[in-house]
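Letters A, B, C and D mark the chains in the order given here, with residues in each chain numbered from 1 onward.
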Amino acid sequence: MTKVMSMAQAVERFVPDGATVAMGTGLEALIPFAAGHEMIRQGRRDLELVGPISDSLFDQLIGAGCVRRVTAAWVGNVSEGLGHCYRRACEQRIPAPLEVRDHSNFSISLALWAAAWNVPSLPTRTLLGSDILRTNPDLSTGDGLVHVKAVRPDVAIVHVQRADEHGRAHAWGPLGITEEAGLAADRVVVSCEELVGPDVTLSDPNRILFPETKVVAVVHEPGGAHPSPVQGHFKRDHAAYRDYAEKSRSVEGFEQWLRHQVLDVPDRASYMKGIDLEAIRITHHRPSVPADLGHE
Amino acid sequence: MSSYTQQELMVAVASREIRDGDLVFVGMRLPILAYAVARNAHAPTARGLFEVGLMRDQPASAFLGTMGDPPNVTGALWATRMSNAMALMAQGNVDLGFIGGAEVDRFGNLNTSYVGDPRQPSVKLPGSGGGADIAILSRRWVTLMSHERRRLVDRVSFITSPGYGDGTPGWRKRNGLLGGGPVSIITTLGVLRFPEGGGEAYLASFHPGQTVDDVRGNTGWELKVADDVSETSEPTKSELEAIRHFDPDGFWTRG
Amino acid sequence: MTKVMSMAQAVERFVPDGATVAMGTGLEALIPFAAGHEMIRQGRRDLELVGPISDSLFDQLIGAGCVRRVTAAWVGNVSEGLGHCYRRACEQRIPAPLEVRDHSNFSISLALWAAAWNVPSLPTRTLLGSDILRTNPDLSTGDGLVHVKAVRPDVAIVHVQRADEHGRAHAWGPLGITEEAGLAADRVVVSCEELVGPDVTLSDPNRILFPETKVVAVVHEPGGAHPSPVQGHFKRDHAAYRDYAEKSRSVEGFEQWLRHQVLDVPDRASYMKGIDLEAIRITHHRPSVPADLGHE
Amino acid sequence: MSSYTQQELMVAVASREIRDGDLVFVGMRLPILAYAVARNAHAPTARGLFEVGLMRDQPASAFLGTMGDPPNVTGALWATRMSNAMALMAQGNVDLGFIGGAEVDRFGNLNTSYVGDPRQPSVKLPGSGGGADIAILSRRWVTLMSHERRRLVDRVSFITSPGYGDGTPGWRKRNGLLGGGPVSIITTLGVLRFPEGGGEAYLASFHPGQTVDDVRGNTGWELKVADDVSETSEPTKSELEAIRHFDPDGFWTRG
């Protein structure tokens, strides 16, 4: 049975209000902006966002009022600096108060590995001596170690280079915390640049990110990670981040950006029509040398 | 007007912290350039480790806006999960890390989380990212920041990435911190260093055009000064060429 | 600087007497038999072997008197059953007494992840209620969980499909505990079917198993995993396992097998001359669909 | 002389334990065939998970001597690390597991480690492999073994893979074991089952050619017998065809 559906359907069915959602697990690459924008369009509320740094995606969701809590190592705009919506939420409760559970990049990974292995917490030597231990109730100390409580997302949303209709997803490049997020989550929603046949995905089972039993939706969404980069498909659109940083500096500017880039755009295909694809498309291909999966 | 920007000088100074053979945990922004410069000059066998999940033995062939940009992946020695990169650091295999700072204190502690009460901060900064991990686990680390009185403070109100804590001897060891701690703070005005074994930062050099008094006047505590304090060596021609090669539009270094 | 050397050199330099050695991390595939046989030829003593099941490799090393302790989930001969040398060592101290640290497959993996992340132990829900907790001092209980003490090998030895001279190794098929063994070990010795250029390995950095900083030796050793299978190269040689099971039933039979298959064989190339390669060679190739690592 | 071997009957019976849609943690030997038979008959959407690090939705296209054999990899849905396969089981996602037993007791505990004192065993068995993990973490599990008085014992001296422990109600829950425990013991003579919620094994069916007394006489404890005990259903023609397709030379089932 196919798992292919539109992003609107996937968000409608698998990202309810109040959900704990892991996103942006690739740190700066393969950020599922299309999914985030659809969540904003559908007016999701009270979400808990889980991720390492998410580039500017979390800032956008926070600014749009979708988020109750953020469990992350860093929220901002990687190449531009501070996240203005994040600041306003924390400093002025605009548009709504925000609970923050601080992590480091390593500790958020361990929180997801703890959930993946179904243990209450995992120990680590990182964060010793950091005041992050003071603010996050999910971190405790004992026996000279920090114990990082498991974080189990209801859903992990990832963007990948290619997937088949059954949810077998291939991604390449640095993976950040993508694998543990998918394993820890109850469900995984995949958006992909290319929807391919099982002949492609099963030709290389080592590159399949998650067990298909976790994947509930596959959305064919070319450009679904813009403005973040997708190895082999799109470069990073630096200008888009700069534009967002400037506009989001004020509430009015953010709202204008939001209307123009998200609310007034029916879907990703329409959004992509506004992008100068030729400036960011990767055209020089570098195919990997195949592995030989032969058995006879 | 000098023939290089403050940022270019900082990158050159940072690159000199990299020793040949080092495994360098490369942070965002200027450190990406510092690794590129060092690798092309005095540290040809230094490798870069990126928390996103990459290892490289040469700079990317094109400009990087982030460590996750495609040019950083092509030609990588390893594309993996973040937790694997962190594993190397947790084992003490990372010789040097770089962390960007918003606020630093005399004992090298960094705050990139909250100004004011965390429950109602006057400024919410982005957070740790990998900073706390680097500060705690790398063998030695360096921070780069803008030298302003409000940024170089006596004691940070929130330690995101620990340096030498309260400055008492053995603070890191007592608290179980694996790595050696910060070795220098490279600012827009000068270079602060820490004594062997840690403790309080002192001024080791001031950048061309600055004086010791300029630097002290912009520091939020009574900054100690090295007996042999001197002017920071300017970027060499080849350092500048490398910087401008890897940041051709001055995205990070336009000053 | 190249890391390529002969297996004799690699074992001489990196597997000293008394070393803790992780091997057989692929469970039934890619078992580094060539390395094990060279360790026997060089008369290694007092080794601690670490692995999940290792197929019959551990049995051979134990029978040859190389081993002081085995830290593993299972020692025997997978398709044939019991490990006769293992039995004799445990039951009759022939050829020498053997200390056994029992694990399950999951717990030996966790022991290596603990070392990889440099923590004293990792918690798990497996092994609760098992008497394995009684016999292995590296396992303890507390807070309703089992705590698996870190196991840090001095060296992990792996066989892979291809590697370059700098130690970037590509393997595919099921990986068992190979990745955590390499990360946990101080050093990694790689043997490979094909020695390839960096243009091959770096074309697909996601398939590189370990950071090259861990790898100290690369041995070009075609057939180095025989009789275990190597995807794309060799089928499993079932008959060889049956033959070993029959011969190793008695001390005399084992010693005869050892002389014939190991001691009187100078190196792997000579050993391979005695194998009916045509019966086990994989000739029908199934190349994976490449990933596109392009960036411009 | 029957038209099938003991092993073929055991495989057929084992395959019937697999429900459509199950995620099955497939052990070595006969269970590999049981998965293949079930998948081709009543459980077309059952998936197999192999601890070596594989998931499949169809049997391998050629004979397997081990789960790591190349035909098991070609066409796999996932080739990964063992710890990832174990993660699914630790989360309760594995519906059914199979474990081969050397010695089992009335409460379903398996010993595959030591006969006699572990410090000086009279027989050293191979050990747990993934057996203990399956016994503790899978939702339900089944063991297959040769029915001999010395193998079906009152109490095993060493619990490698726990069943219902000392048999007292709630033993598994009290000891923190995640999964539900064993549901059946498929032997060369019959099928033993456990009551809902666990406890002591009873004879549910005897294989064709056996009697209740035969089975009880070869069991090392006073074996309870179900009121509705009956003869085990023989392998069907299509079950036998499937078995012989996947084990054409009778490597596992030659009897």
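In this text, a contact is a pair of C-beta atoms (placed from the backbone, for glycine too) under 8 Å apart; a residue touches a chain by one contact, two chains touch by 3 or more.
Because the structure is a prediction, the values reported are computed rather than measured.
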Between B-C and C-D, the pair joined by more C-beta contacts: C-D
Centroid spacing, where centroids are CA-atom means, of subunit A and subunit C in whole angstrom: 37
Interchain centroid distance [CA atoms averaged], subunit B/subunit D, Å: 57
Approximate Å spacing (C-alpha centroids) for the pair subunit C, subunit D: 27
Centre-to-centre distance between subunit C and subunit B (centres being mean Cα positions), rounded to whole Å: 41
Sites on subunit A at which at least two other chains make contact: 110, 117-119, 124-125, 145, 172-173, 175, 179, 206, 231-232, 235, 282, 286, 293-296
Contacts with two or more other chains, residues of subunit D listed in rising order: 54, 69-70, 73-74, 76, 79-80, 83, 86, 90, 178
Each pair of chains that touches, named by its two labels: A-B, A-C, A-D, B-C, C-D
Sites on subunit A touched by subunit B in the complex: 26-29, 52-53, 55, 72-76, 78-79, 81-83, 86-87, 89-91, 100, 102-107, 109-110, 113, 124-132, 134-135, 144-145, 172-180, 228-229, 231-232, 235-236, 238, 241, 282, 286
In the complex with subunit C, residue positions of subunit A that touch it: 110, 117-125, 143, 145, 161, 170, 172-173, 175, 199-200, 203-204, 206-207, 231-233, 235, 282-296
In the complex with subunit B, residue positions of subunit C that touch it: 116-119, 168, 179, 183, 202, 205-206, 208, 210-213, 293-296
Residue ranges of subunit D in contact with subunit C within the complex: 28, 50-54, 65-70, 73-74, 76, 79-83, 86, 90, 113-114, 118, 120-133, 135-137, 158-162, 165, 171-172, 175-178, 251
Residues on subunit D engaged by subunit A in the complex (per definition of touch): 23, 47, 49, 54-55, 62, 69-71, 73-80, 83-84, 86-88, 90-93, 178
